[in-house]
Amino acid sequence: MKLNVHVVADLLLPAPTPTILQIEAAEIAGAQTLENPVVLIGPPAESEPFRDFYGNPCRRVLLPQGNVQIEYRVTIEQPDAQFPPLRPVEADALHLPTSALLYTLPSRYCQSDKLVAMAYDLFGEVAPGFARVQTIANWINEHITYQYGVSDAGTSAYDTAAQRIGVCRDFAHLGISFCRALNIPARYVSGYCLGLDPPDFHAYFQAYLDGRWVSFDATERQPRPALVQVAIGRDAADCAWSTFYGYGETLYLLVEVTEVGAGE
Amino acid sequence: MKLNVHVVADLLLPAPTPTILQIEAAEIAGAQTLENPVVLIGPPAESEPFRDFYGNPCRRVLLPQGNVQIEYRVTIEQPDAQFPPLRPVEADALHLPTSALLYTLPSRYCQSDKLVAMAYDLFGEVAPGFARVQTIANWINEHITYQYGVSDAGTSAYDTAAQRIGVCRDFAHLGISFCRALNIPARYVSGYCLGLDPPDFHAYFQAYLDGRWVSFDATERQPRPALVQVAIGRDAADCAWSTFYGYGETLYLLVEVTEVGAGE
Amino acid sequence: MKLNVHVVADLLLPAPTPTILQIEAAEIAGAQTLENPVVLIGPPAESEPFRDFYGNPCRRVLLPQGNVQIEYRVTIEQPDAQFPPLRPVEADALHLPTSALLYTLPSRYCQSDKLVAMAYDLFGEVAPGFARVQTIANWINEHITYQYGVSDAGTSAYDTAAQRIGVCRDFAHLGISFCRALNIPARYVSGYCLGLDPPDFHAYFQAYLDGRWVSFDATERQPRPALVQVAIGRDAADCAWSTFYGYGETLYLLVEVTEVGAGE
Amino acid sequence: MKLNVHVVADLLLPAPTPTILQIEAAEIAGAQTLENPVVLIGPPAESEPFRDFYGNPCRRVLLPQGNVQIEYRVTIEQPDAQFPPLRPVEADALHLPTSALLYTLPSRYCQSDKLVAMAYDLFGEVAPGFARVQTIANWINEHITYQYGVSDAGTSAYDTAAQRIGVCRDFAHLGISFCRALNIPARYVSGYCLGLDPPDFHAYFQAYLDGRWVSFDATERQPRPALVQVAIGRDAADCAWSTFYGYGETLYLLVEVTEVGAGE
């Protein structure tokens, strides 16, 4: 599948502000390739591309004072992947790649240490592997109400487990927390999604199953037709589309994802 | 049924300390009558009995510095009550006695305002009245692990909803919170219980159903043979067996409840 | 001083909803007398006035489905009170009226049990009595940023102590919590205030000092010229201007407090 | 300075348990060199040494069921370091090494996002650089009570900011959080400390100042004579001395740090 992504963000900055942007789709060999990526900042400001701790594409820039527009355009090709079927095996901390162990630990928004009993109560009896994580995603889909404006940047999986309401970010945090509570490595993915209504940045999660990272999106019962990875991390703290070292306000945000040749 | 209650508490106080004791069983016409109640404080200290906000029997005393022993003995008669069967009707805020409305509001350990979605998700479809509250108590019994030493005096229903572990106090707080989230008045009861193992103070909750307060104990699937009411309140904050205005340490605690004539 | 209070609230109710209103100023002998109070509900609905647990004037009503307007008008006379000066004495749990003891305990939004060390660290050395509570109010005024839209109905004093931002309700909760942590009885007051900008419902707190309840408003360094008491309680949970047993949305709210004869 | 470190941990495991150990001192060129390190596991179990995400020395092992003893011995040489004096300059997100940016973000136990107002209120006026972080450490030392048994594995900086009590781990978390709230990169260090009473594992924090990581230990007003680094991370979640993928109980723990040639 081939997708066009177009993002426009109008910001207001009371002072020149060092800023990290994480809006660019990742180049992933065999899974996600980019054509004609463009990042525009206006008024013009020189930005420094770099890879963060997780290898995510980031951009550091001193945004000038006043009204600033960030624009990002790219065409993304995602080949139809053919994976061998996942075997129903337990994540085994003894044989996991050591790089996956980090994703078994609790993090800012995923207090898996506090949700162990709940995770075992709900999912302890489910067959291991893909089935168990899909059951987690389905449970979240069924029991958490999707609603804007109730949760905020301080809301964590611990809150969502009790309050049962939130947005894609909260759904992902809860899924990650249940996985980690069951010793399954799980990580957060920020990105883009075809067909999201209303259009917005998106978030989902990945679990490490039978030797590879598998995506789950608890906001939908049907697999999403196209998920585009921007950044991976332990949770949303690592994957913010903008981190201001100072203060910045978003006045307007456009996120457009379209299928190339879909005749829209 | 006739019960003997015997409590001994050895305290250590670094300074003379004003203290409120709530250890004396309530006298409740037709339901709980007391014989030969004795409160002993050693070294002797004069105590002032009074009724708190909720009408609970309390005792205010200036405990002296050093080692202090509190002892309470009483025989309690609880006639076999014959109540008309409860009708399966909704709690209706419009016709509740206004004195019951307080018990629909959130309190220190019962953040019912944050558990509304969870309560409706779990219990919204259950028939109203006794069945619904019994379902709540059963759910808690089944899904919360009873374990000493994990929760503490700061633990609230919001924590227990996520962490799924606690003691009688936590079980009661969660039951109360679910009821209030569903607009059913519910209150906390501290007291004594026959057959508790290990023996200790006990806590359970009451819901206001079809015109009267009905007791539920989520720590047991079978109704408790004998629950003795000491204090009622919005939650444990109102019913502490001892409140020190200063600092006091409990070195030893004995709580003994026996059935009179049970030939033990 | 003589004040006119005028409140208009436009509500939207998706279904007929039992509702408790706490918008009427309290009649307090010698301190606050009412002239020509009027409560109007449109479309007309019969309401039942009652006193709650704390003696506050309340009104219970089944609001009809759809758009509903609540209007309240009253003229309030507050004589210039002449109180003997407060002596700098400690609150003494041993001699407090037993009715004040309730206000030494933690509550939903005032987790004084968790703020004991902070309270002693900040205020433990201040002279007892009025000076200490005024120091608490001043500290809050200086260190908490007054800002709408950051805290919400779930925010408690524990949050405000760390996050340092909030509105009058949060300021009151923190003041109450510090007082209780120091064993000073303190309670929440909802009401009206002359000169508030923007006009709104208001909240402040009272501490029990030298035999009477004394008002403190941490949102201002200068004593407020006129505070009108509607309801007292342990915290905001007891004093909501509207409690819907169901769901209600406030579309518009006008709160007008003017001085009679002030020639405005 | 030359130190001997000796650790003995007796564990009880109800089942064979995959376990990660982080008890071995790090080899740090020019700052910390190791002689004769020995890790013994009994009954014998083969362990796999590896470096985690942060480059910390870790060891993965399948611990057998039953009683298990872990022993670690090493001699550590820490040359007297001569660093150029730190210039009083602000951490500047624009020119930080990108590897340091991770340590400006909130984490499991360091909710710096919620403590921004408190950090600016307390430390916003202090001169930047070393002085500011030392002021943070001193403030924590003065205002947080060091006490075992009150905080636990679930306690975070948000709690410590309000509750004002804790152990070395909590002190470090709060210091880190204040730094990050002020945009200063800060990280957690687990390790060993000479002269600790009672002896135990230790934790402190490092801030990135003028181009290097500088250690601060808020548990002491005087710089510690010798701090030994085991692991660095975002907070304690990344640096646990043992992580059981299952369940393990510590029956006995000995941590001995002595100065070589100190004639003890």
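We just call them A, B, C and D in the order they show up, numbering each chain from 1.
To be clear about the criterion, a contact is a pair of C-beta atoms (placed from the backbone, for glycine too) under 8 Å apart; a residue touches a chain by one contact, two chains touch by 3 or more.
This structure is a prediction, so every number in the text was calculated from the model and none was measured.
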> Tell me, which chains sit next to both subunit B and subunit C?
Replying inline: none
>> Centroid from C-alpha atoms only, then distance subunit A to subunit D, rounded to Å. What do you get?
In response: 30
> Taking each chain's centre as the mean position of its Cα atoms, how many Å separate subunit A from subunit B?
Replying inline: 45
> So which bits of subunit A are touching at least two other chains?
Replying inline: 114
>> Judged by the touch rule stated earlier, which pairs of chains are there in contact?
In response: A-B, A-D, B-C, C-D
> Where on subunit D does subunit C make contact in their complex?
Replying inline: 114-115, 117-118, 121, 143, 145, 158, 161-165
>> Show me the residue ranges of subunit C that touch subunit B in the complex, using the header's touch definition.
In response: 18, 20, 50-53, 58, 60, 62, 92-94, 98-99, 101-102, 104-108, 110-111, 113-114, 153-154, 183, 237-238, 243, 245
